[in-house]
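Sharing a structure below in structure tokens format, with a few things to ask.
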Amino acid sequence: MAIPWWRRESHSLIWGYAMLEDFKERVWQANRNLVSRGLVFSTWGNASGIDRGASLIVKPSGIDYALMRPDDMVVVDLNGDVVEGTLRPSSDTPAHLELYRAFPGVGGIVHTHSHYATVWAQACRPIPCLGTTHADYCCGDVPVAGPLSEGEVADDYEANTGKVIVRRFEALDPRAFPGVLVAQHGPFAWGETVEDAVESAAVLEEIARLAFHTFILAPGQPVIPDFLLAKHYLRKHGPDAYYGQE
Amino acid sequence: MAIPWWRRESHSLIWGYAMLEDFKERVWQANRNLVSRGLVFSTWGNASGIDRGASLIVKPSGIDYALMRPDDMVVVDLNGDVVEGTLRPSSDTPAHLELYRAFPGVGGIVHTHSHYATVWAQACRPIPCLGTTHADYCCGDVPVAGPLSEGEVADDYEANTGKVIVRRFEALDPRAFPGVLVAQHGPFAWGETVEDAVESAAVLEEIARLAFHTFILAPGQPVIPDFLLAKHYLRKHGPDAYYGQE
Amino acid sequence: MAIPWWRRESHSLIWGYAMLEDFKERVWQANRNLVSRGLVFSTWGNASGIDRGASLIVKPSGIDYALMRPDDMVVVDLNGDVVEGTLRPSSDTPAHLELYRAFPGVGGIVHTHSHYATVWAQACRPIPCLGTTHADYCCGDVPVAGPLSEGEVADDYEANTGKVIVRRFEALDPRAFPGVLVAQHGPFAWGETVEDAVESAAVLEEIARLAFHTFILAPGQPVIPDFLLAKHYLRKHGPDAYYGQE
Amino acid sequence: MAIPWWRRESHSLIWGYAMLEDFKERVWQANRNLVSRGLVFSTWGNASGIDRGASLIVKPSGIDYALMRPDDMVVVDLNGDVVEGTLRPSSDTPAHLELYRAFPGVGGIVHTHSHYATVWAQACRPIPCLGTTHADYCCGDVPVAGPLSEGEVADDYEANTGKVIVRRFEALDPRAFPGVLVAQHGPFAWGETVEDAVESAAVLEEIARLAFHTFILAPGQPVIPDFLLAKHYLRKHGPDAYYGQE
């Protein structure tokens, strides 16, 4: 993880300002890439990035993606209070905050209603690991968090959405998964950076689509054996990774 | 609802003419957007807009979308008589008129044969509310109107299409739904303006597509609980709405 | 049907030449439109047009669509003999010829392997009329011709493909259908002109796709009642047609 | 098969260099075409070409397709040792090498995770020959190789992937098939040249998609009879081939 800019020796107000502007532009670009990659219909999605120890940058609420400018991005602290920006932060900010607090390795989060990932979420079923494409990115089935109880929906709904995800990962390493499905809702994806999180969201959608059609063709197909799962996951992500992706 | 232009104090013939031209252009643009958003194959669809108390503007019948100009839009009154325009109004105009008469809050109507909405209509099944994407726009299952009886088809078929929709909404608030399915036929969508109606048609198609694949994956999946439906619908549309869409 | 150019009083060699060049360009454009409308993958398809009593213009065999020029079109007579052109006519020409001989009202024919029409053909099932979209273009289920017997495949395979289609329409009016499915093979579509035939091929694909998903959603769904089928078909195609397509 | 350049009489170092550069560009272009034809998501795929008796040219490992240049292609010999190039060859190179060694007629190989071919591979099912589109390219069902045993996965996994394919083709002629499915993984396709291999990969994807939807519509549909399979395959590929593709 990079050292936050204000802790660096060469820190100055001017340089720090430039860094923040650059970070806003990256988060803005990531939000736009959700649209250009077909992961977001209308305005159904958002991407955020965090500069650890410092500021969280989120998409503003209810702004058309096509009209949104880098300067419209909202800077909030880890309590969710706006530090900079004139627009309201995305309503999903409390969910993002819960994940950033609980998952130290995560630097970017994306929430979408991308089609096939949402289909599995609506079906309240984990995405089974039926092939090596899945195993290249995800160390087992993609888990389902929730559904939320009536009480969790009534109060602090968005924060509770984050909390059920964190609870689901109590015994799992979030870095071994591109994301998660929230039951009856849709996917959240993440990565070390906001750009990685967008890539994770795209991968999650494609493995959801592959698993959907495989399940329809062969409903009783078992998941792949552990030795194949481990081989594929570890050749890309393990300590002896040698696979630069084909 | 805006005050119709001819009732405004500043009303003048010139200004009124400019308003009408502007309105024609909006309806024309809405019809073209149906094509660019993939909701209309060939010429299978139309959008109309109404200036309450005044004129209804509809697409002309049998004109290629690519060649259609704003001036080709047809102005009709609430009896369906042509007030302005040299082309014949869309054959579906009587259905639009029935809806405008019965639904005072509606300012724009769109009829398409968009793929997945038409699939549910052909299957004569309401679109079940299986997730929060649906609940964000629609307060429960999307209802099915009809099918029409032999008599309703034989005489005044297009007007009767509107009437079965109105009958289906006797106990429902049309503003709580983006539209409706007509059995064995396809969807009608609406909104406060013609632009909103196009957006409703696009949303209706996407929730139809999500529900289709979810149903195929998990045929016995129950609809989401009422507390989750209400939460999502009301946080966007209720008196205390706070959700600017992600 | 227009009078063939060489029978017109104003006939001259120069004018006749210009007419033929124009007709070649139309057939060439129709073949290219099959690609741009997504009906043809690779080179799997062809369009032909006929000037009744005169020449049939067909796509040359094995030519890349992108490189094909209007002058590459091949002119054949009703015996299939090449009248003009240096390239070999499409291998499917004998099938086209059978249809032109048997169906006097047909002026253009298209053969594709468009996706969902081919799926129904491979399943050897007629496309059931499950909605008004279908009824607007097709007076009942889209019929299946064949499959061909071993003898029909062994000798004159392509001509026999045309013959099984003609046999299937012994008691049907080809003008009441946009085309037909050949079992285990794919669709043939037709129209009054080559441009109409391309439109028919596109419509056939879309109603095949609508019927596919409706069947998957509701396998027991009955076809629409005759009074609705007749109303939709006749309001567009009957003697009192009033429907300019929405 | 063309005579390798260094065996030609006119061979000179300069001319040879130009030939190799040209060949690199072809392999580079083929890799890019995998993306533009929708066969590769992200970086999930690779194409290679061989100059028989000489050099094998492969995609470098882990390079973004959009940034990759012709000079980034890696030249390896039949032992897999790098002959030219500064980047690491694709991790899948050992699988390609096994196929080139066993299949003398093959001059190009493509590995993708194209959607429907991968779905059949994940379902561990051969693609049944349900229509003439399939028969035009493939002399029977597309076979499945593997799955690999635990030992085959543990050591020399990529070379063993090639070996299970070769084993599967012990009694089959690879030239009679566009490619193969590796169980739980995805497709490999091939052809006489690297360009042919890309076309084979595209055909394999489309026949996988056709078979998928046909199977969903009519699960009990039998494969087409041998006489029809033979007719279609042989009219394009047999000694008396006359079919220039429609």
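We just call them A, B, C and D in the order they show up, numbering each chain from 1.
Just so we're on the same page, a residue touches a chain if its C-beta (ideal position, glycine included) is under 8 Å from a C-beta of that chain, and two chains touch if they have at least 3 such contacts.
What you are looking at is a predicted structure, and each value in this text was computed from that prediction instead of being measured.
Chemist: Chains in contact with chain A and with chain D: which ones?
Modeler: Shared contacts of chain A and chain D: no chain.
Chemist: Taking all residue numbers at the chain B to chain C contact, is the shared part over half or under half, that is, same or different?
Modeler: Interface between chain B and chain C is built from largely different residues.
Chemist: When the centre of a chain is set as the mean of its C-alpha atoms, what distance in Å lies between chain B and chain D?
Modeler: 49
Chemist: If you average the Cα atoms of chain A and of chain B to get two centres, how far apart are those centres in Å?
Modeler: Their C-alpha centroids are separated by 35 Å.
Chemist: Show the residues in chain C shared as contacts by 2 or more other chains, in ascending order.
Modeler: Only 216 qualify.
Chemist: Could you classify the connectivity of these chains, where an edge means two chains touch, as line, ring, star, complete or other?
Modeler: Contact map by chain: ring.
Chemist: Strictly by the criterion at the top, what is the full list of touching chain pairs?
Modeler: All touching pairs, sorted by chain label, are A-B, A-D, B-C, C-D.
Chemist: Of all residues in chain B, which touch chain A in the complex?
Modeler: 130-133, 199, 202-203, 206, 209-211, 213-214, 216-218, 221, 224-225, 227-228, 231, 235, 242-246
Chemist: Within the complex, which stretch of chain A touches chain B?
Modeler: By the definition above, chain A touches chain B via 41-46, 59-63, 88, 90-92, 111, 113, 115-116, 118-125, 147-148, 150, 153-154, 157, 184-186, 212, 215-216.
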